[in-house]
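Pasting in a structure now, in structure tokens, and then I'll have a few things to ask.
Chain naming follows the written order as A, B, C and D, and within any one chain the residues start at number 1.
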Amino acid sequence: MAWPHVTCFGISSALAITAAVMVVTRRNAVHAALWLAVALVSTGVLYLTLSAQFLAVLQVIIYAGAIVVLFLFVVMLLNVNEDQATDRRRWLAVVGLALALVWGAGTALLLLAGPPAGTGLVVRTPGDVALRGTAEELARAVFEHHALAFELVSLILLAAMAGVIALARRTPRGAEEIPGKRGSP
Amino acid sequence: MDFLWTKHIWLIPFWPALGALANGVLIPRARKTLDVVSTVAIGSVAMSFLCTVFLTAELASLRIGNPAPVEYFRWIDAGDLRVPFALLFDPLSATMCLMVTGVGLLIHIYSMGYMAHDPDPGRFFTYLNLFMAMMLLLLLADSFLLMFVGWEGVGLCSYLLIGFWHRKESANRAGLKAFLVNRVGDAGFLMAMMLIFVTFGSLRFDEVLSNAAIRQASPTMLFAITALLFVGATGKSAQLPLHVWLPDAMEGPTPVSALIHAATMVTAGVYVVVRCAALYSAEGAASALVAWIGVITALLASLIALAQTDIKRVLAYSTISQLGYMFLACGVGAYVAAILHVVTHAFFKACLFLGAGSAMHGTGGQTDIRKMGGLAKTMPRTTVAFWIACLSIAGIAPLAGFVSKDEILHHVFVSTYAPARTLWTLAIITAFLTAVYMFRLFALTFHGDEQAMKRGAHAHESPSVMTIPLMMLAALAIVGGLALGLPYPPGLHLLNHFMRGWLIIGRHHGAEDTGGLGLALALAAIALAVAVSGAVLAFRFFRGPYRRVELLQRRLGFAYTLLSRKLYIDELYDIVIVGPAVGLSRLAADVTDTRGIDGIVHGAAAIAYRAGEGLRRLQTSHTRVYALAMLVGAVALVLYLARGMLF
Amino acid sequence: MVPLSWYVAVACVLFTIGVIGVLACRRTIVILMAIELMLNAGNLLLVALAREFWSAQAQAIVLFVLAVAAAEVAVGLAIIVRMFELKGTLDIDEVNLMKW
Amino acid sequence: MPDFGLLSPIAAMPMAILSVAALVALVGGTLGRRGPAIARISSMVGLALTAAGLASLWADRGSRALLAFTDTLVLDNFGVFASAAFLLGAVFAVLLGDAYLRDHARLAGEYHGLVLLATVGMIAMAMASDLVVAFLGLELLSIPLYILAGLSARDARSNEASLKYLLLGAFGSGFLLFGIALLFGATGTTLLSDMVGDPRLRMALSPANLYFAAGAAMLLVGIGFKAGLVPFHMWVPDVYQGAPTPVSAFMATGPKAAAFVLLFRVFGQAFAGAAEQWTGILWAMAVATMTVANLAALRQTELKRLLAYSSISHAGTILLAVLAAPKDRAGSAQALLFYVVAYALMKAGAFGVVVWLQRQQEGDVSIASLRGLASRQPGMALAMGVLMFSLAGVPPMAGFWAKAWVFSEALQAGFLGLTILAVINSVVAARYYLRVVVAMYMEEAGAADQPTAEPSGCPSAIAAIWLAAALTVLIGLVPGLVFVLGGQAGAMLR
């Protein structure tokens, strides 16, 4: 094991986990969003150690850049970053926590103890070219293998765009409803 | 030889269906007067009856075995399942169809008078015609699948007609109860049908019911199929423990009770068992089950009938009891006797119901027999018809009821089925009780004490459109038995002769040796003696003041006993028979109806409702709770699928 | 090289934290963030396995998931903004008009 | 190099046509006064062309399934038939949508466009031979639905429905993605076509492989959510109730069918070799789904929630077909497809009646508001009665055959106990369907139940209801029409 790799893995995974915990425990929504950015960036660093350089870049740009900014934007727009109310359904959190921990511990332990990947159809042969995760490799995979999936993703984005416009369109109250017509389903 | 009618079986259900279509949809609402709709309805049933007669005539002249089914079009042609739309007109369905269309025609005519003042005769006759079409489809179907369509169809119509007066809350509840209890039976039928398809790979009668196919099936599977079919039959034919809907079904108009809940639909269960006689004959255990359920139902229902005070409910329990006889006959392999009883029962029971309807019509809708009485003077024609039907059902020779019942009793007695004597004893007790409750009913309704006579003076005789069908049914109730099933000499048993194709299988554990003429006469004499004594005792006792019965029930009637010898006999009868019988019938009514089966049904329903309410409360509208449920599910899924590594 | 199982463990832990977040948080925006953590964990697992199988195709899946996540967040935030306009709160427990 | 022959464009043709139509509807909808009409016509034309395209893809009986797009898309009659069923759902959504869009004309473009895009997602799910395509198809189905559920932006209920659906749906997607990743770890591929019948998969799909076990479980969470299986069903009543009713109708038909088709492709086909592993848990889910839904529906008074519970209970029944798949794949596929079509008709029609009722009265439609419908509107009451009896499984309606065939498949596969439980459940279910009929035919309208307005004309909704009822009866009388086609579709899976 190469030490730089291990060190890098240790630091960024610890950071990612800590940040994730922070996301779900912070009372201030702005802080939560910022911690989310930290978690996502640390995951991006983990990608680097997994020879997925292009994905790491995308992770930082799209996830940490665009998505977190979107979150921050909405939090600030609504201006309700503090969680005032006390939790009336604490039992839910407790039960959920317990179950989730059982779940997490179980899966993690089982997967650690289980057989390594590679029992399936694809068995790596020595002749294979090692994966480097460059933009070129990814582009080939997307356009040669996942062409259909790529098209579907474009449709998903189209639907989301149209939907957000429909939902966010500000019409004066009652303008959508023709006066005199009742019972809009 | 080329026959004129053979290919046109479809005409039989077609006419009523056309009538229903006309009355329901085609005729504009404004023109739906009683005259128009009843003419259409009666005409369509008459056409159907005529077609049946012609077809039967041709069938009788056809001297070769059983006729083949007639295929009309490819109905379901899907993978392994190939079921054409085919109809079968063999002696069994011919007999049943003649009965259904004939009795149905008379009841349709009667309805014209009975429903004269109803605001919505169009709907009534539409349902009634639709019922006829469905019933005939059930009887003529050549596959379990098509039969099931008719089976569900008659259930639907029955439900619609029970709840016909939908302003009555009780009618709605009764309709609902009928539908739901029938669904339980239908579930059994459906399961049986699937098992048949799995076992035989077909749903057509000729492929399933052939001996070669049956020999290859495993006994367990045969038992499952026959038992499940019988569950379906108990639902439709109101046998224990699914009989609870029939008494409530009397909420419907009386012609409906006569047609559907006495003469035709409720015999569909018997028809199914007879149709599948080949299966039942091959499976002894299921036949035994049929026989026992039949005889127990017959006995308990007749006990309950003793204590009823509503005229239609007495008749309803009597129907249940008579259906029990039919199943008893099926259970001992006397299938022809069962069908004979179906036919004669249709005659006298329809007559009884129509008579009851006429009495209710004359008294302005009274159904409580304690408040009737003395109708004999004012409604003579109804009284005579009712009296004849009573004699017939009670089993007085040589009326129709005697002939068919005696044939069943005879078959039960000589059956090689082990506890045949026990079955016979129970059946003869039932015969006695039948005579008692029928003449109790007759005496209280049409005779009774002086007070009752006064009440009866206000009644009026029904119009002849009602009494003529009544008279015709009464005539049939007299001669129907001897005409169709003359017991001796054997060659003149018309139904036996007609249904000879069925006799091949109809003698499985019904013994070949009938014990000779001597035994037959002895058994007939016993049955007749029992019936006569029951009828005479009941009539004499209940003709007196009704108070006496009540007093006796309160154990205050000892004074009467000591006064006269006459009364002493009555009293003896009261103490020995009526007292315990009343108590027993109360008990039976309580156990089987109110607390027992109804209790279980209602209890189960209550539990289901509670559970539903609880589950609904889980639906708290809180997203996080929903997410938690998903997580619980996910944990369970992973634990289950990874169980190989965990445990 | 760091063994696969270590990455798997991290992915599982991140996923679990996301699940806990969905159940324990009351503000809808934070729930959405927790869901992002779950998707992110799935991505990490995919990338780790992609290295194991030397499969660029598996890496490409991550690309699609990024886009899907962005779409879901955009739609989700639009709905949440609407909710705030209608109710004046972001508390998921206040969303309880329809029950039973 | 990948195969860029003619097959891929041909196989993707239905999706492409629909996408173009969706785009036209979305853009056209913004064009002022004419917008709604353009959107509507565009979606109608798109659906018609797609139907024609699907018909042209229908292959002969003897053909084998073809793989396109580097094996990520499978072209077989099963997928084509299922896609046609989704189109049917979309047609009903378009017809019923008219009644809604009359009051929300500005949303016409979005409504039609999103319905079509969701349909593309369903088709992608049905034809997917790759877990990634299936995942993206499911997302393409979900995201438009999240939006459609919240389309009545001023209505707090609609907003609530859409929020719940989105949060829980995304939660489910998280599981689904993790499951796909784990399955990739187990097999080294995401291609279902590779997994079907490969002997090496026996080892990968063995109980000892935790990647497979956990992956399959999490996949089931994601798909089970969409299908509305217990315990992933709790969103269904709330979302169906809150969403605009034409949208509820749409959600109850196509998307649910798509989830089952995918479930069939994954568990019935790809994982059939590992059947002994998952049969038990699906068995339990089927029983729980039917029982919980039927019991909860017994006391339900709100019509849309009642229909929601009914749709959950039907989901439990359809699961029987998936369970039977390892024993007889062709037969159970046939039963599943028939069920899906019959179910779509019945549910679309029943929700259509709710749409129609909501034109006359405000707020929730309770069963009580149906009182006396038979005397006020005999035709509508008849249609609703037919649909209710069909949902209850009374012959000779389509719903009866659907149930009967699924039950018989399950019986032939040896699930006797399960079938008995299912039959008992259908008896229980008859109770609440009957309550609707009783209300219409046997109860009098109280003063409070009188409609506040005369039924304003919404001809296409009425046409949709009649179409659904008529087809329900037609298929019930001549089930062979659909069943034979379903058989040809199933035969290709052999």
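Throughout what follows, contacts are C-beta pairs under 8 Å (C-beta built on N, C-alpha and C of every residue); 3 or more make two chains touch, one makes a residue touch a chain.
Small disclaimer: the values here were computed from a predicted structure and weren't measured.
Asker: Looking only at C-beta pairs in contact, point me to the busier pair out of A-B and A-C.
Answerer: A-C
Asker: Look at all chain centres (mean of CA atoms) and spot the one farthest from the centre of subunit C.
Answerer: Greatest centre separation from subunit C goes to chain B.
Asker: Find the geometric centre of each of subunit A and subunit B from their Cα atoms only, then give the gap between the two centres in Å, rounded to an integer.
Answerer: Computed from C-alpha means, the inter-chain centre distance equals 68 Å.
Asker: Quick one: subunit A and subunit C, Cα centre-to-centre, how many Å?
Answerer: 5
Asker: Based only on mean CA positions, could you tell me how far subunit B sits from subunit D in angstrom?
Answerer: From the centre of subunit B to the centre of subunit D is 43 Å.
Asker: Roughly how far is subunit C from subunit D, going centre to centre by Cα mean, in whole Å?
Answerer: Centre separation, subunit C to subunit D: 26 Å.
Asker: Identify all positions of subunit D at which a residue touches two or more other chains, and write them in rising order.
Answerer: 132, 136, 139, 143, 146-147, 150, 153-154, 163-164, 167, 171, 175, 185, 188, 208, 210, 214, 237-238, 300
Asker: Mark out which residues of subunit B touch at least two other chains, giving numbers and ranges.
Answerer: Answer for subunit B, listing residues that touch two or more other chains: 616, 619, 621-625, 627-628, 631-632, 634, 638, 642, 645.
Asker: For subunit A, jot down the residues that touch at least 2 other chains.
Answerer: Expected reply: 89, 92, 96, 100, 103, 107, 110-111, 113-114, 117-118, 122, 145-146, 149, 153, 156, 159-160, 163-164, 167.
Asker: Building nodes from the protein chains and edges from chain pairs that touch, which of line, ring, star, complete or other describes the result?
Answerer: Looks like everything touches everything, fully connected.
Asker: Please name which positions on subunit D make contact with subunit C in the complex.
Answerer: Interface residues on the subunit D side: 132, 136, 139, 143, 146-147, 150, 153-154, 156-157, 159-164, 166-167, 170-171, 173-175, 177-178, 180-182, 184-185, 188, 190, 237-238, 241-242, 300, 305.
Asker: Of all residues in subunit C, which touch subunit A in the complex?
Answerer: Against subunit A, the touching part of subunit C is residues 1-2, 4-10, 12-21, 23-27, 29-30, 32-34, 36-37, 40, 43-44, 47-57, 59-64, 66-75, 77-82, 84, 89-91, 93.
Asker: Across the complex, what residues on subunit A touch subunit C?
Answerer: Result: residues 1-2, 5-6, 9, 13, 16-17, 20-21, 23-24, 26, 29, 32-33, 36, 39-40, 43, 46-47, 49-52, 54-55, 58-59, 62-63, 66-67, 70-71, 74-75, 77-78, 80, 83, 85, 87-89, 92-93, 96-97, 100-101, 103-104, 107-108, 111-112, 116-118, 122, 124, 128-131, 133, 137-138, 140-142, 145-146, 149-150, 153, 156-157, 159-161, 163-164, 167-168 of subunit A touch subunit C.
Asker: For subunit C, which residues are in contact with subunit B within the complex?
Answerer: These residues of subunit C touch subunit B: 19, 22-23, 26, 92-93, 95-100.
Asker: Please give the residue numbers of subunit B that touch subunit C in the complex, ascending.
Answerer: Per the touch definition, subunit B meets subunit C at residues 616-617, 619-624, 627-628, 631.
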